[in-house]
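Chain IDs A, B, C, D, E and F follow the sequence of writing; residue 1 opens each chain.
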Amino acid sequence: MSDEALLGRLREISVEAGWAALVERGYPNCFIGGLQVVHPDVPMVGRARTLRYVPFRQDLAAQVEREGPQLNKRAVEECAAGDVLVVDAFGTCDAGFAGDIVLTRFVRRGGAGVVVDGSIRDLTFLRKIALPVYTRATHAAASTERIIGVEQNVPVQIAGVAVLPGDYLLGDAEGVLVIPAGLAEEIVATAAATDDKEIFIRKKLEQGATLYDAYPPNEAILNEYRQSKQ
Amino acid sequence: MSDEALLGRLREISVEAGWAALVERGYPNCFIGGLQVVHPDVPMVGRARTLRYVPFRQDLAAQVEREGPQLNKRAVEECAAGDVLVVDAFGTCDAGFAGDIVLTRFVRRGGAGVVVDGSIRDLTFLRKIALPVYTRATHAAASTERIIGVEQNVPVQIAGVAVLPGDYLLGDAEGVLVIPAGLAEEIVATAAATDDKEIFIRKKLEQGATLYDAYPPNEAILNEYRQSKQ
Amino acid sequence: MSDEALLGRLREISVEAGWAALVERGYPNCFIGGLQVVHPDVPMVGRARTLRYVPFRQDLAAQVEREGPQLNKRAVEECAAGDVLVVDAFGTCDAGFAGDIVLTRFVRRGGAGVVVDGSIRDLTFLRKIALPVYTRATHAAASTERIIGVEQNVPVQIAGVAVLPGDYLLGDAEGVLVIPAGLAEEIVATAAATDDKEIFIRKKLEQGATLYDAYPPNEAILNEYRQSKQ
Amino acid sequence: MSDEALLGRLREISVEAGWAALVERGYPNCFIGGLQVVHPDVPMVGRARTLRYVPFRQDLAAQVEREGPQLNKRAVEECAAGDVLVVDAFGTCDAGFAGDIVLTRFVRRGGAGVVVDGSIRDLTFLRKIALPVYTRATHAAASTERIIGVEQNVPVQIAGVAVLPGDYLLGDAEGVLVIPAGLAEEIVATAAATDDKEIFIRKKLEQGATLYDAYPPNEAILNEYRQSKQ
Amino acid sequence: MSDEALLGRLREISVEAGWAALVERGYPNCFIGGLQVVHPDVPMVGRARTLRYVPFRQDLAAQVEREGPQLNKRAVEECAAGDVLVVDAFGTCDAGFAGDIVLTRFVRRGGAGVVVDGSIRDLTFLRKIALPVYTRATHAAASTERIIGVEQNVPVQIAGVAVLPGDYLLGDAEGVLVIPAGLAEEIVATAAATDDKEIFIRKKLEQGATLYDAYPPNEAILNEYRQSKQ
Amino acid sequence: MSDEALLGRLREISVEAGWAALVERGYPNCFIGGLQVVHPDVPMVGRARTLRYVPFRQDLAAQVEREGPQLNKRAVEECAAGDVLVVDAFGTCDAGFAGDIVLTRFVRRGGAGVVVDGSIRDLTFLRKIALPVYTRATHAAASTERIIGVEQNVPVQIAGVAVLPGDYLLGDAEGVLVIPAGLAEEIVATAAATDDKEIFIRKKLEQGATLYDAYPPNEAILNEYRQSKQ
């Protein structure tokens, strides 16, 4: 399946069904919760591009600067359409790793979303554009002399969940599901099937079935479901 | 007063006036705050049906299973219209005690709301239906192998407040007021009177009265208020 | 510049540009974040009137009472139009320093906003009026026998930031910028210039410029910007 | 094995080896950490007697009182020698469930320790006696009008771990291991074997072996270990 | 009673008995818990001298400096023997309000202890001297450019408890009891009587009495106690 | 100066004087506080060897395993005498990155200490050996299936402070000072001078000098100090 097709199908499954499919395959810790969701009504799908920050230190900053532009700029200029910036900023609450200017460019390059275990600035601006943003906090401060980016595309930690470069991400009002790239097709297929069946079960419940009969479905409801699929 | 009438009158008082009436009667710790309010514009009134969860344990789960269906299902199938599920899940942030399917059935049975010191899943679904939900957190994970329900209709603890089965509950954008059943009529009457007087005071303030004169009201304003009631 | 003119110009700058101007002048700790923003779409500008609360104590309350009306009432009756109540209530989460009645009067007197490191009550009411409110928490409880106001117009602490009486405040969806009165004109001028230039940069980025070229702007873009100003 | 013999053998294993044996058998969540350890040098072994508290409420207290003495007194008077009081007080930090007097009696009756997700009072006294105490907090306040005991010998939650009545408990400076009664003999045997082997490995490391060779042990070291056992 | 005599008698009562006497008189919130106790085996008695800090701000610092020496120095040079520094530093964890030098002078002047809702530095030094210290945190940083003292001898907030200048303080391994000066004699007398009786009860329990008989004591034990006092 | 000589001199300065010397040179954020100190009476000096962990993930673990032994083992086998393991485990509280066996080998290889923003296991063992350990938490769990080490000798984050490989570390009862390698000689010299002068000041204060005269020292005391040095 092409990457584009995969992102398209990802857009159609629920985070919960994806979660269940991942747990079955031995990935119990794949959901990022507890972050502030700037646009709860704008879902997010994309591929992870990871960044890692540490607290600012003068000598480290000098060394990083010698190596090229700041990490957030580099990540944005090097990203592909459909990328999500996944920023491990050790949960810092008082230094935004990026703001309106950097993210304007990111949107122009086709950026699909931002997930920060740390802070972002310019919330007033972000509320006006459709970019999905998940963040620990928002703050007016820039990163200058507070945090410094040191690595790109390494495994990172976000809210207690590991994210690897290239992971597929699916975000909704609740949080972000992290799907290893190699499993994505399989997860999407399993989750779509689950969603389909659960929508049927919900319909039965709306019509008056009990949970005892419908969840999990008894033989009769299961047959009815199967027939509805023919 | 019938239960239905009581729920109706409850819908007309403010949480703050109810709080004050309860404090006067020796119930200073009757307001549940600090939870996430899924529908701040949908008030909640109902009767408490309590559930208690503990962390999952294999042997405990086996024993509970032998005794019948899972606690959340049992609570939903046994509840009456107007019941609110009050779930003590010890503040857990990574395991939803229930999600779209169980709550679809709950709505069908006339469920009036959910209050969880713990998590709920399927927030995207919950945002679309009018069921009032107060919760510590939301998470994609199901309860399986994370938490397990052990008791129904016992006293529970929600955000530092005791809730007893049968308590009347009144929720708004701020949180949930817990009213012992035996006091409910009295509280509703007192609170309605307080609200009525305070609306009058607010009107006086909007017209230019000072707080020194109007709050508490001096004799003149009090007389004016009494006359307005005749 | 008249106070009114200053408040008017303050309304036109962004919190982030103001933050940067303050940092340049040696005020790195001037942004109040992490509070609940009741009206994220209603900006706040005004002057700080500070109040300080401590936990309730019977003997202290008796002494305070002998000296006159409660602190929140006094502050409201003594405030000028354009004042913002800045309340240091040591982060308390279960006692509102004020509610609908006191704040109705505050609005009538031209109050411009409320910033509380503590709680406020009557959230349902506050959601319906346009008064900007920043608060640590909301709770149904009144201050009675929980907290007590002891001082007005002294330096206070809000979310780790010092606020002095007379400071200018600028609030948006993100939080509140604290501007020392003596610097306000200068900050407003610098910030307006920053905003103007950054809007130009954003436009260039929307047109396809890279961050490497535009942020900071290279000579060509800088010239273009300067010419656009003539 | 007699209960006494089991407690004796439990005293000889390490918490870590017991933890590993429990994980192997499907009990990954069996260690209570994060509590204050009053006597880090006094190990604890015993059987769990659970108590459950909720926040105080006048009507609930009246009802509980009608049923007999307070829960902490009842638990102490009904306990057997070797019992550990395991108290779920929902993490409360400002109300001790018991103090010097109740615990003096508990010691007299052969009580083996106390584990509280909540508070205990009389720390100065507790520091002078050898009773092992694990607690979330200590506070001078009694439980009166703050918390109230409602149940004994039900499953409870302590620091995110489920404890069932009759569980075996093993405490050291780090925290408390929770061992389901039915597994205790098996766990003790497995853990003792692990400890024995790991002490041998530590000795090899002290003599200069590398981790690559000794942990896990290679064939040569394993043989040496086996011979040492003959 | 002279102040000296009072401090002497205070030294003989338990924190818990003092707490109970204060609650009876309408002071339920009089115990400071949750702080780090540097010398759990060194009790503290003294009178409160309060200091209030806010976050550092350049203009505020300049103004304070014009008025005289820094607050911590002034407080130490002005204190009387038996004074306890009670420092409201809004819980800051990364800036010590004082360290070895200031506290060496404080000890020389007869200082009786330090209670900080904030930080202290030079813990290694403090561990070697017998000054009782209760603190939220310890940190190597000085106060410079982090916090600034603004007031002395005003009501302050420590860990959720109000402290007034002149209050009597009694500290043990658990925390600090705050006694309004006007009540101190009475509290000391009541608490001493409680302690005396409870020691008798503990003795009875050690001899085998049950809690049902001895706590509260039945008529027989009460008589025995009374006779023991003759 | 040889590395050995430097470590020797480091052992003689106070953390506070070192902190002040670093602040003067533009390193305000160089002290790690807030960790549990296993041996408050055993100072630590050494060089940082950093390790970085993320939450466990099956596919990541498989990939890491293909590359060689686990990170903690590799770090220990590759370390030099005088190295301190500095472990960024994102603050995890329920999975020890290492325990008695790995650390026994570390001690044998001349390891100088451990600093973990995360957990360590086998506290009972660690309390018996003289290895300085600073840790966020202790827990019986091993790292297996909880956390996984991904990098060595990269910049890491510990309690909000950046640590670089090769930094010199100085730990006492309070926490750990982080000294960039290139500055270490200079810092040690400056700090030793500060300590020397401050010990003199403390002596003057013990003899009755006031803070106004001695801190900072006036001309007379300064002269006296200078003469004492001749």
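In the analysis below, a contact is a pair of C-beta atoms (placed from the backbone, for glycine too) under 8 Å apart; a residue touches a chain by one contact, two chains touch by 3 or more.
Because the structure is a prediction, the values reported are computed rather than measured.
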| item | value |
| --- | --- |
| Chains in simultaneous contact with subunit B and subunit C | A |
| Geometric centre distance via CA averages, subunit F-subunit D, whole Å | 32 |
| Euclidean distance of C-alpha centroids - subunit A vs subunit D, Å | 40 |
| For subunit C paired with subunit E, centre-to-centre distance based on mean C-alpha positions, whole Å | 36 |
| For subunit A, residues contacting two or more additional chains | none |
| All pairs of touching chains, each written as two labels joined by a dash | A-B, A-C, A-F, B-C, B-D, C-E, D-E, D-F, E-F |
| Complex contact set, residues of subunit B against subunit C | 14-16, 18-20, 23, 31, 33-34, 40, 172-175, 177, 198, 201-202, 205-206, 208-212, 214-215 |
| Residues of subunit F defined as touching subunit D within the complex | 69, 73, 76-77, 93-94, 99-102, 104-105, 108, 121-124, 127, 137-142 |
| Subunit C residues within the subunit E interface of the complex | 26-27, 29, 54-60, 90, 92, 148, 150-151, 154-157, 160-162, 164, 180, 182 |
